[in-house]
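These notes open a run of structures that come right after.
What follows is a pair of complexes built around chain A, which joins chain B in one and chain C in the other.
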Partner chain A sequence: MSAPEPVSALKAGSMLVRRDLRLALRRPGEWLQPLVFFLVVTTLFPLATNPELSRLRDMAPAALWVAALLSSLLALELLFREDGQDGTLEQLAVSGLPLAWLLLAKTCVHWLLTGLPLVLVAPLAATALGAPYASIPGVLAALLLGSVALSLIGAVGAGLTLGLRRGGVLLALLVLPLAVPVLIFGARATALAIALEPMAAPMYLLAAIAVLSATLAPLAAAAAVRISLE
Partner chain B sequence: MNWVWFHKLGSPPHFYRLAGKMLPWFAWPALLLCVGGTYGGLVLAPADYQQGDGFRILYVHAPAAWLSVMVYSAMAVYAAVGLIWRINVAHALAASCAAIGASFTVVALVTGSLWGRPMWGTYWEWDPRLTSELVLLFLYLGYMGLRSAIDDTARADRASAVLAIVGAVNVPIIHYSVTWWNSLHQAPSVMKFGKPTMPASMLIPLLMMLLGFTLYFVAIMLVRARGEVLRRERNAHWIAAAAEET
Partner chain C sequence: MFSAIKLQLWRGDQHVLRGLCFTVAAGRCLQLTGVNGSGKSSLLRALCGLLPLEAGAVVWRGADTAADRHAFHAELAWLGHGTALKGDLTAAENLRYSAGLRRTLSGAEIDGALATVGFANADQRLARQMSAGQQRRVALARVLLLECPLWLLDEPTANLDSRGQEMFNQMLDAHLQRGGLAIVATHQALALPAQRLQELELS
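The block that comes next holds the complex of A and B.
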């Protein structure tokens, strides 16, 4: 058998994206669950208070963002668990390719499968919570940026808790405090969008957090995964 | 530059002995400063014209709040040193910082909320500083949780070091986002002291308490780090010799 051709990092990234997408599409139940969870949690808020739409409108940003945060947390379990158990992550780590880059590719797929669908069903939840139709693009934009940042920050936590027995609750304890800025700016942007006011200021800050996490979080996640695999 | 002293610090027996020798140099000044600062703050300093005697809780609250942040930074620096140069003693120091920092954070939160009772008429106000203090407590708890969840000491050291560094990058972001969040909701709180206008009779006890608390932290950290080094090196030969010395 001849030695395999060396693969460029770019090629390896796109191969990994295709592999992860194909695997996930064959098991739709797994990544649909966080989505259903998001809808269920947003339904709980009106049930827990007064279902008057004008009152719900005040609470809509909080409900949307807390639900999005919890659902992204739930989805994080799917990010590295399978690949950690069957040794794929180890193969990636010893492949000689930059692990941070490969993990960024994996996190992108994870966002495509859990973050993006959440953004797409958010109009439904937002309308049910009394957000006017004109505010929907703003709500979508805020969730789009915020979910990217949440996936990236979560990747660090998922890397650190990889293979731990009591991983689930610990993961929440690690990730939620780090997600506080995303929650604050995201909910603020959503509140401004629902009030039909200019929302540029919190959106800039949200974008800054997303860019910062895109550059730094994969490095931290790679270090965490390497330590967890030792 | 000669780095021998730095590498010597990384040797557990050397560190153990040195920490034992340094301990009284921090512990005694800490005790003296805290006793003096307490007397100065509670007895000598005049009552505040606005807050009366209520402001005196500042002499515990401010040093605790300062240390809660300072200890986290120290922990992140030790963690980075341990991660980069693979120095076990630095990891032991980081490990011994966590519980101390969390305790100072709890003290700052409790005194802050007690202070809030006469100031705001309520035990809890979503004041930006108290809120970021609360998030900091969660960061400490996450660090301690991760450490205790991993059985293998070397892996626990390195994983929690990554978390400490990620947290240290996040602490300023969290602080400023919370400040920004709250400034939209309420006018600046009454707690604005206007530091330069504070008379010397109030300021000097405060500085004494700040320094005393800091030295106390170093002393306690050394005690805990010595214990941590002993625990990690429990099978090494030098421990018997060290035990005979003391």
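The block that comes next holds the complex of A and C.
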């Protein structure tokens, strides 16, 4: 008796993506929470401070990026927790397919459901914080790259805290130091965009972080998940 | 042929496996027994490669599985304590995505496997609305669908009623007759011909 013809890694990844998307469609509430959190935090800022436009503009990058970072942390809990508990990750680990690739597919879905919506509502939040209309494309581009990097870096932390009952705080402690460069360059790029100045330099660095995490984070996440499954 | 050679496994400060050796030939089933906490699950997880061994080797088709894990896993169907079912998907959807990850599947095959495990009423119920025994049946249907020569099953008959256990025995017997191998940790007596069954008691 021999094993059946295995499917290609590409098809396996797309299967996993479709499954996770279908699951997300059946329970939208889970995925909307981080988005609502982002909107609430960014709209509370103008209310809590002097609503003078120049003041708001100074604060806008910090408010946007801290809210984005915290909202991505909030969403990370959803990434592997359930799959770890019900044995799905165990099945993926012994599926004969590269685990790093499967986790990358899962992280992509996670970004589609939590990172991308955040980027899409960012114009609203940025306008509420007094960003001029001309700066919106720049703000979006910075958040787009930053959210990709945050999801990927977060996957490593989510993998490491998989086996812990109350992993939330530890997850924040693990991920935040790694996410600090994203925060620094993202906020800098956003500040330049709002000031309508050239923002290429911090954008290059953000893109470099995103590419670096796309190549290394899945491998680290796979190793972390294997350790957590022991 | 599947063999374990001098397995050594520690869990924390407990020495669970002390130089364990066994061999399972094609068409045979190894039943693991032993009191709770004797290391049945740990042994199965170590054989899968989920738990790292301190020493020893797991040999499949004459090659050490540590050398090429992917090739070994491609021929392995594993069922652990978790059923790996998604509560918000139906039985058929669960199988389409979880078994479909590893091989190309048709809808008829899924229906066939569900019928084999006694899930004839292919209903649209979500997995979270099913009883624990029904979820176990769906998980067994996945093992069938993977069509792997080697089965490693940890308490596969947990929560199953007596008819479910009978169904499992038939399913296992058919697998062995096709030349498959199985290592099953269970307390239930397996109704298999004596030449197909060997037993290992862990202490």
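Criterion: the second predicted complex is superposed on the first by the 225 of 230 C-alpha atoms of A that agree within 3 Å, B and C clash if a C-alpha of one lies under 4 Å from a C-alpha of the other, contacts with A are read in each partner's own complex, and residues count from 1 in each chain.
Here is the rule we use: a residue touches a chain if its C-beta (ideal position, glycine included) is under 8 Å from a C-beta of that chain, and two chains touch if they have at least 3 such contacts.
What you are looking at is a predicted structure, and each value in this text was computed from that prediction instead of being measured.
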Who does A:87 touch here: chain B (first), chain C (second), both, or neither?
second
Kindly classify A:19 by the partners it touches after superposition: chain B alone (first), chain C alone (second), both, or neither?
second
Counting only touches as set out at the top, which of chain B and chain C does A:228 meet: first, second, both, neither?
first
Between chain B (first) and chain C (second), which, if any, makes contact with A:59: first, second, both or neither?
neither
What residues on chain A does chain C touch that chain B touches too?
230
Touch list for chain A against partner chain B, complex:
156, 160-161, 164-167, 170, 173-174, 176-178, 180-181, 184-185, 188, 205, 209, 216, 220, 223-224, 227-228, 230
What does chain B use to touch chain A in their complex?
135, 138-139, 141-142, 145-146, 149-150, 154-155, 158-159, 162-163, 165-167, 169-170, 173-174, 177-178, 180-181, 184
The residues of chain A that touch chain C in their complex are 1-7, 12, 15-16, 18-19, 22-23, 26-27, 85-88, 90-98, 229-230
Residues of chain C touching chain A in their complex?
26, 48-52, 70-76, 78, 80-86, 88-89, 93, 97-98, 100-104, 146-149, 178-180
